[in-house]
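Got a structure for you, written out below as structure tokens; questions coming shortly.
We just call them A, B, C and D in the order they show up, numbering each chain from 1.
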């Protein structure tokens, strides 16, 4: 696939995500979690402390904008708008896959632009599959990190997305080479955290064990319930046959809430919950059941296509709702929220009882 | 917020509650309770004894009109109509927050009017948050009680309502000062019962333990499933941002049935079940699962805006239905109803098994 | 209430039942029972033996027409049509409450007409509440039995129906007098079986214990899920207040499947399952979970308003379906059907686990 | 029934299946199974090995076209089209009941046509009920096998289909004669595998035990959730009475997923899952919960009415989806898929816990 193609595809993705319904019909299962309201919260809403430490930086709220884009001029604008917003609110952000810029240096500024606007947490992004297919190594990581002065680097695993694309990269064998690449990179370059990330289908506990053994420092569960890549591709693919195929996989994946439980049951390092996080109550629930921080993609994409102010507005709403949810559960810090009581209903109970007990 | 504002807001509340759909989509979970029909009830419907003792008075049925209003001329009329009805039926009633009259003596008669029409149980009402914010003390309680010759005083906790209002009072820290205020008031003024009351989001068992330690004599669970304050504010708030926020919290809260179980599991003093009580079967179920008495707000508000006769009619329907439900479960007294068998279904089972076992 | 009134009311009942939707929204819970299909039934559909012995007679299928009517000319025709049909098919039938004929001898032939057309099982019917209210005794039973040469007599308990009628008879206290009345009647008159019967709200296990202690020989659970008396009265009652009340009770009662389990858990004599039996699969399920025979009212009423042939046709369909269900579960006799395996789903599981374990 | 009639009926079946909605409303319960997505599949989609050994032949995927037709010219074309497709893809196929050709040699070529187009696995088909009714013996089996050079022979049991047809063959008694017939046939003719097959209502574990004792080598569960014979007959039957009857049985049967669990709990030989298999994810789930191979009827019928290419296209889609599902669960062989983790939800949990524990 030539680089031109990648660019066009990435732009198509953005347009489809902005204009079409690309979300899972089957939700995150976060609505199977009920936080317990406290009639006497014993705290002051004004005092609620939402800040956390993440990858060496302090964030004013346990929120990052999930990595989405880069590689073309529209992406540059989106990244810039997000960077301005997270600088203002002191949050973190991820960038989209940096493969385009690895292949074509002219595209670097569509990513690096963010450092003109923020000193906050910025997370790089590379696809795991390229380490196999294109023989990438620690030097590539170095390029990606330096390009944006990344505080951390996310390696995304997207087997479903690749599988349903007519010419996707579908070799996920031999991923253990990441073990050496990670340790070499850390030894020879920078000791920054590595994050294993799904793009909306979730990690299982079996995955988490492998990820842990590879030396990753964090997992972004990227669970199902929000943006569905099968749904996105469904709009793009012209080939009738591939469309049907994508359609049958639009509900595939581990719902975000289930994935948090799966991963947390075997992994005690940093856990980011992305996938279908749509308001501050979702964040509060995710943290109560095991996440350290949440990632948001789609709603921020839509805002970033408008202006940095719009991104700020959307993120402020998330923070405000999170604060109220923390207040109403009597948790004046994220640490307390992690211990907040809750009940689990419906299908999520099945995940817990059959997979984790 | 000046007093004028409070008055306007309170009137707005009443109009919104009367004309708009302000009830939770998610119900009380009382429909997850099934009372066991008795084909041979072994009692006479005419003999069913629904009377209870509550706060030193005898009520002909385990029903109080939940505290709603005061502070403006419409409120005065509403309170009067309710008072006439409960006098006729020998039930009890609460008044709305007396803060307006505490701040402005001219408004006292909008509350005290009730004593011109009834000697039955009347419960005063003050907001917990004002003891923190405005430094209220036992003297304020004394004012409130004397103003209406209250038989009991409810202190309402409304963290959600405050949190979603643009300028709500959101400091619920330091509530333990209520312990001294209550005991001082009881020692120095009148030894009347204190009720801790939610306004539609419910108390958890953790709350109940705190309430108990503060020296309250009773809990009104004020659970979710009936009037939703987030829904009410949703109609009032003009600010788009705050509207969205309120919208996300329209289903927040512990459903009344769950809250009864939560509170009863740790609290063995008087328990009033308010929140979404819409017919006499709801009352029978509430009592079977742990309540001593039920409170009704919204349906009575609508009736009281018409006439005292309408309030009587509505309350009589509740009583009649309660009686039939008691008859059909073979319970000829409220004491027997408390021991009536029942089964629990659906989500309510989750609350019980995960929170109370 | 004068007799004239009873007649009119009974006729109204029939018309309402024929033309309006009078069935429970909440079903019998028989759909929570799954019989286990047998791919190799090991029997011949032609050989399936559905006959049972009931109250001293042999029935060609475990089906009786539930008692419905009497007391006016339309009733006479209905009873006649049913009698012709059950004679042809060798099934059994109940008659409606004989109170009208007890009070007014002129109405006797509206019941006794059945004996001109059938020698099959005929069951008399009296209301339990009249033994209390009107001081009925064994002589009344004698009248009722002799009037129709009854093979058995059903005493119906209808507390819900009475409770929601403006002037219903609602004294169900002192029912233990039935113990003496039953034993005296048996000693001094005829030793025929007594059936305790609900009219569509079901008996609980507590009821079944009482019924057993009174000396009844059989229970007709008359569970909820089919004809709802609250729904029927809803159409008749003009008074707005009583209508609302009836409305709130349209879902009251123990679903037929739950009532079978309840009663069978403590009662090992004859158990008839009436209430919402709408096809032969319902019959097969009822018997598999504990019934000996089923009763059908509403569908037969509608057929009987047309012709005896129509009644035969409807009953033949029930029998044919029952046979196929027995065939497909590999049960060539009712005895085997009683031991057929099944699974229980949904709400019915709650009844069993919370009430019977 | 004369042969002419059989032919017409069979043709009607095909037309009804092609044009009308003949599927169960109640599904296969395969949607109650959730395979666990693997974010790091550790395999290459290109390397996924879907081949299996079945009845002495190797199939490139665990898929057979379920037996459907024969006996008339349209059937001949359908069988031919299927044969071409399975030859191309190296899969297997069953033929419809060979009874027509047993009775009328002129119809043989409507079946034997397949051998002109394929050397792949071909499965013969006879009705169990005819061994009873028509006194069939090993010679009939020999005819059926030789006619098509069958690799295996399926004996179908279709009690529901027979029971709801006006003049169905409904004697399923004495099936133990199959024990001798099978062993004689194997000893005296060919030692090929015998498959006991349902046609869409499923086998229970009790059936599986009998089947095992009869000496069958394999079971095709033919569970409910796909084509419903009651639904098919519903379209054909003119007689109002029989229509209603068929209607009441349109949801009868053991859902395919439940039947796999039932049969697998007592039967460790070859298990084919047919009934409502509608995409490759269904196949993956069936194998994960116990099947060795899946059968597909209705979707292939529709394709085969068009062309062999269309059959290939449909089957390729199934294979592609199966491969992706295997890839996304990290299973690069069917053997691994059999051990893939999964969770079970809803009603299927009831089947497992009440029938198999």
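In the analysis below, a residue touches a chain if its C-beta (ideal position, glycine included) is under 8 Å from a C-beta of that chain, and two chains touch if they have at least 3 such contacts.
Given the structure is predicted, the values throughout are model-derived calculations rather than measurements.
Copies chain A and chain D of the same sequence differ in orientation by 90 degrees, per CA superposition (steps of 5).
The pairing of chain A with chain B is characterised as different-residue: of all residue numbers used at this interface, under half are used by both copies. A separation of 44 Å divides the Cα centre of chain B from that of chain C.
Centres computed as Cα averages put chain A at a distance of 62 Å from chain C. Among all residues of chain D, none touch two or more other chains.
In terms of inter-chain touching, the protein chains here make up one closed cycle, each touching precisely two others. By the contact rule set out at the top, the touching chain pairs are A-B, A-D, B-C, C-D.
Only residues 128, 157, 159-160, 162-164, 170-173, 175, 196, 198, 201-204, 206-207, 210-211, 222, 224, 241, 244-245, 248-249, 252-254, 347, 350-351, 354-355 of chain A touch chain D when the two sit together in their complex. Only residues 36-47, 279-281, 313, 317, 320-321, 324-325, 327-328, 330, 341, 343-345, 349 of chain D touch chain A when the two sit together in their complex.
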